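Going by the order they are written in, the chains are A, B, C and D; count residues from 1 in each one.
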Amino acid sequence: MNTFGRKFRVSIFGESHGEAIGVVVDGVQPGISLSEEDFRADILRRKSGPKGTTPRIETDEPEILSGLYGGFTTGAPLTIIFRNRNTRSGDYKLFNDIPRPGHADYTASIKWLDFNDPRGGGHFSGRLTLPIVAAGVVAKKMLGMTVAAELTEVGGVSRSEALKNLPEEALPDGGIEEKDELSPSEIWRDVLDAAIADKDSVGGIVECRVGDVPAGLGEPFFDSVESLISHAIFAIPGVRGIEFGDGFKAARMRGSQHNDPFDHAGNGPLTIHANVHPSKNGAGGINGGITNGNPIVFRVAFKPTSSIGKAQRTFNFATGRIDTLEIPGRHDACIALRTPVIVEAMTAIVLADLTRML
Amino acid sequence: MNTFGRKFRVSIFGESHGEAIGVVVDGVQPGISLSEEDFRADILRRKSGPKGTTPRIETDEPEILSGLYGGFTTGAPLTIIFRNRNTRSGDYKLFNDIPRPGHADYTASIKWLDFNDPRGGGHFSGRLTLPIVAAGVVAKKMLGMTVAAELTEVGGVSRSEALKNLPEEALPDGGIEEKDELSPSEIWRDVLDAAIADKDSVGGIVECRVGDVPAGLGEPFFDSVESLISHAIFAIPGVRGIEFGDGFKAARMRGSQHNDPFDHAGNGPLTIHANVHPSKNGAGGINGGITNGNPIVFRVAFKPTSSIGKAQRTFNFATGRIDTLEIPGRHDACIALRTPVIVEAMTAIVLADLTRML
Amino acid sequence: MNTFGRKFRVSIFGESHGEAIGVVVDGVQPGISLSEEDFRADILRRKSGPKGTTPRIETDEPEILSGLYGGFTTGAPLTIIFRNRNTRSGDYKLFNDIPRPGHADYTASIKWLDFNDPRGGGHFSGRLTLPIVAAGVVAKKMLGMTVAAELTEVGGVSRSEALKNLPEEALPDGGIEEKDELSPSEIWRDVLDAAIADKDSVGGIVECRVGDVPAGLGEPFFDSVESLISHAIFAIPGVRGIEFGDGFKAARMRGSQHNDPFDHAGNGPLTIHANVHPSKNGAGGINGGITNGNPIVFRVAFKPTSSIGKAQRTFNFATGRIDTLEIPGRHDACIALRTPVIVEAMTAIVLADLTRML
Amino acid sequence: MNTFGRKFRVSIFGESHGEAIGVVVDGVQPGISLSEEDFRADILRRKSGPKGTTPRIETDEPEILSGLYGGFTTGAPLTIIFRNRNTRSGDYKLFNDIPRPGHADYTASIKWLDFNDPRGGGHFSGRLTLPIVAAGVVAKKMLGMTVAAELTEVGGVSRSEALKNLPEEALPDGGIEEKDELSPSEIWRDVLDAAIADKDSVGGIVECRVGDVPAGLGEPFFDSVESLISHAIFAIPGVRGIEFGDGFKAARMRGSQHNDPFDHAGNGPLTIHANVHPSKNGAGGINGGITNGNPIVFRVAFKPTSSIGKAQRTFNFATGRIDTLEIPGRHDACIALRTPVIVEAMTAIVLADLTRML
């Protein structure tokens, strides 16, 4: 239920305002060099702080409890925990009675018979994506592939549009040429400012590309690469859709436009196992559920953050009446800003499992 | 690998031109009345025949080998096979050497070291969706829910547009008022005719709605309802994307537009477990991975059929040269026409498993 | 539920008097040469016929429905069925009302709410071990190990005792020197004759040895080799116990007697990965759940056949009274006679899965 | 790999001399009252201290990290860790080069390519049974059954024999009548003293009985109750055999002796679902893999402790020569003394999973 994978298995646990959150990763290859330091970069990418993210800042220090010896993974389960420190549970107590629209308060209460921990969303909190990022770091170290995700759209505005509209004073010293130095919060600052001013939130789209993918991963039908990746991606809170390669656009294309003709890639001899690849990559690197050697490419739609300060209609189960809720506390105006590294982690976890299952 | 589900488990087997294809369904509730007759309607919906589908017509007669006694399911594994009869393997032999663009010929050869059965796509054939439809019939009989999928778009033309453009002689006797009598092949006849004339193919979009869903199905994170449904849906050949509720549009909405406020549904008393539902259903019936009592709603993008008569560039591994391929044989100009019942089957399978796991 | 294995997965189905019984084997290595002929020897070893086995004789002809192409396994699921032909269902109908002591009639009715197929034990029949033997044949062909099981005791009489007591006329032409020509039915003929004369049955003990085992298979704790083998072995009807290496005797030994000291095996250089083995093999080839390179050795206790002609007390649910039952029909006086090949099959299935999971 | 169960899932992690050991229990029923106090009794039963057990004494204080809120389980994964404190790693370092006979030092090195943590057996340590006991406490609280295991034999001496041979001064004040006050270490003191004097160790046999078992748990074949229990029991370090009901003796019985006739149990009406039970219980409470309502009864053989002070032959991989090893450090002369509570825990875990899967 809280575990993913068959031979590289990731199990998450914890609550937003409980003692600790964490992850057990079983099936780690022995002999991977690993230290707390290795987690820093990806944890930082998920961290809040910049415009559009919540001001709740956690130290997010990983504590490795097992599976490591002399600086290398042993092959035994790797356990990593993160203590919760910066918790303000008072903010959340009322959501027992007044479920927040768009949140799991209501469904958690039904599923777990009102025994669910309501503080900060409890086990349903987006904070549980932190141990997933940690597992992703381990997965990435096991893979000989590159996994890179980035925001391509926020609040309906594409990256290039947003850049075009940036006033000069918002550009780096080198001007638009140096645009890669800009963070998403800087690129989409106008969209975010507008949402914050309205006590509202915006969504976004993340694109993920995996390079150096060996051909032959995955299975026909139920364990297709798309099946496994989508399974993992929809485990991220706030995802509303996923598409591979040409995606929904493929439904509007002719076969002759969407099919990938085969090309000679490189100069080597032509055998079925080498130097031939489908070109164009409308299939996103996967045919019949199995990788074809091309980059895996997919896009993920994130909804706008559910928690908003703006007044919303909801029920008050204590009074039995319709009520108006203005959610207090600290929220992300755009959770999508923090998700590319989570998308990468999930993808790496799926691919590490597929590689171990070969 | 070829199995889906934890307590309601569906395992498919077979090849397009082999002896038989079939399915073992384990975890069937004992005491469900069942006969070969029960499969007829759904099998017919998947069948080829109408414009835009392949002229290969199979009898598709289910043969129940086990799990049934005195007209009722016993609780033991239910096995259903379909003999392959109308096979013309000669058509396919060359795809060993010349992989068809968009097909699994190439990846299957790599994965299975050239031992894969190439006839008609072998185990990768869309024909394997027939046993899935059969398992879906069993799942539907176990569920107290309605599962209904239909085509909403073909070749980029929506149902309403297509209907509007139909000339009078293509309408039923009663005119546009009787449009529900029209089959998808009739509604989108112009789109299909154009593709067929060009020896090309088109894609489509299927929408699925599940009604009478109990609240509380699913798990947070890895076994979210979206995770399980998308896992199963991407097992259908030709799927390029899936979105729930507001879907990709949610990424362009404000939180105040996308969130579902809570409403009093019906007249009963207000407890958290009854008579309150999120309205509007932008979440597609699922919050935090768990059903909220609303209909589950999602859309699936199908690519255009890969097999086309139009010339395509590919490799000839026998000659070691780039070649041009005009695929002979019998194809669907639009596979999406045959997929709504498959989408329903997969959805019912997921929900039967979730119900059994409660 | 009716499936075993993670990457080499065996799923059985069928009922004793139904249409067919069979097995789907998923995760078969592609490129294994296979034909119906390959199954003959092992199926014959399981067959009834000799003294002490039931006179119901089935043709037991395997029919391969999928997963084979051009004489080689393809990598796709391999499906094998056996049609039931020689069924006399009339013999069994009354067990609906009068459960046979030692059988699953009673528990099957409770579990499956009286919808279970009662004919010949239905899905609970020992006949389901036939598809297991078939899956074992495939597993053996994938393994580079020898798997050999034999009866060491019947009705409390060891093989050597039984041989010693055989009168001269029961010996082969060459006398006791040629004792390997004798079948178990011949070796234990006196024990079997005595049981048959009393309309009763006897049990037996099977020993299994696996040679050429690579070191390093298995996992600590839950997926120890003993855990997996015992899991599979207790799936054989009639098993009451299993012990590895010194087994129950180990509980009566000192550590200095039971421990296996390490020996130099062969002449090669001494590295931890080669040419050193624990000697004596009190551990049965497994330390800490993981193979150590020695033969795996274990013994299995089979109970006496439950079906006996002798009168037994049971309940008649139709009359609500205690009743006396003399089971009519055709039974094995000693099922253990037919089980060594089943023990081998289960062992090979476990090892094939462990090898695939490496 | 380090996980057991389908819906009630237990995952263990940690090393003997690492930071902490622990367990994640997923699928816990929400609403079970639970506190650290609940673990005390069972943890104490596993603890070392009495004669025949190691003098390494750990505090074994459970720390609950997740899954608990307001004193009740929430339904989310329950995580319990135990910090390791009393570690003397120096004792173990040499086992890298000189594998201890009977231990996993050798197989762990092979499996994990010498990256395994060798301190105290690392992840292969019997210390990992502590989190299993903790998971067992949770399982017991979910079950409406009684699970009770006890030692019936140590070093080949049965409990009654051992009691008979106890000199008067070793008996409680009330004499032999009060024998239930005696601990196993007191009952078998002579056997233990003799082994300790010889720097050797002894094995033992544990019997487990489960009462108030509902009929209908388990599955035919692969998920038989015996399959699942034996799978879990062989995960306990040091187990060499398991037998159910009449066990190995059944192999020496006639069918008429071993079969359980049916009896009217109680006074209620006779329907197949009530008031009828197989008597005598030679089957140990299970027919056809499914519980029949009788107590589940099985026995487990534990080998003598592998670590002994007595000289043993082994290899020194550093010198490449045969060596003599006298294991220093702190050991149990009889691990079986500490195992009944572990056997109970494993049994409760299996039954909790079976109950959740109903």
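Here are some notes:
Throughout what follows, a residue touches a chain if its C-beta (ideal position, glycine included) is under 8 Å from a C-beta of that chain, and two chains touch if they have at least 3 such contacts.
Since the structure is predicted, the reported quantities are computational estimates derived from the model, not experimental observations.
Interface comparison, B-C versus B-D: the pair with the greater number of contacting C-beta pairs is B-C. Taking the mean of C-alpha positions as each chain's centre, the chain lying farthest from the centre of chain A is C. For the pair chain A and chain B, the distance between C-alpha centroids works out to 27 Å. Put simply, the C-alpha centre of chain B and that of chain C have 41 angstrom between them.
Centres computed as Cα averages put chain B at a distance of 48 Å from chain D.
Counting only residues that touch two or more partner chains, chain B has 1-3, 7, 12, 76, 111, 123, 220.
On the chain B side of its complex with chain C, the touching residues are 1-3, 7, 9, 11-15, 18-22, 24, 26-27, 30-31, 63-67, 69, 72-79, 81, 111-113, 115-117, 119, 122-123.
Residue ranges on chain A touching chain C, taken from their complex, read 6-7, 76, 220, 357. Chain contact summary for the complex, chain C toward chain D: residues 1-4, 12, 99, 101-104, 106-111, 114, 123-124, 128, 153, 155-156, 195, 198, 200-205, 215-216, 218-224, 226-228, 230-232, 234-235, 237, 239-248, 250-264, 269-273, 276, 278, 283-284, 286-292, 301-308, 310, 312-315, 317, 320, 322, 336.
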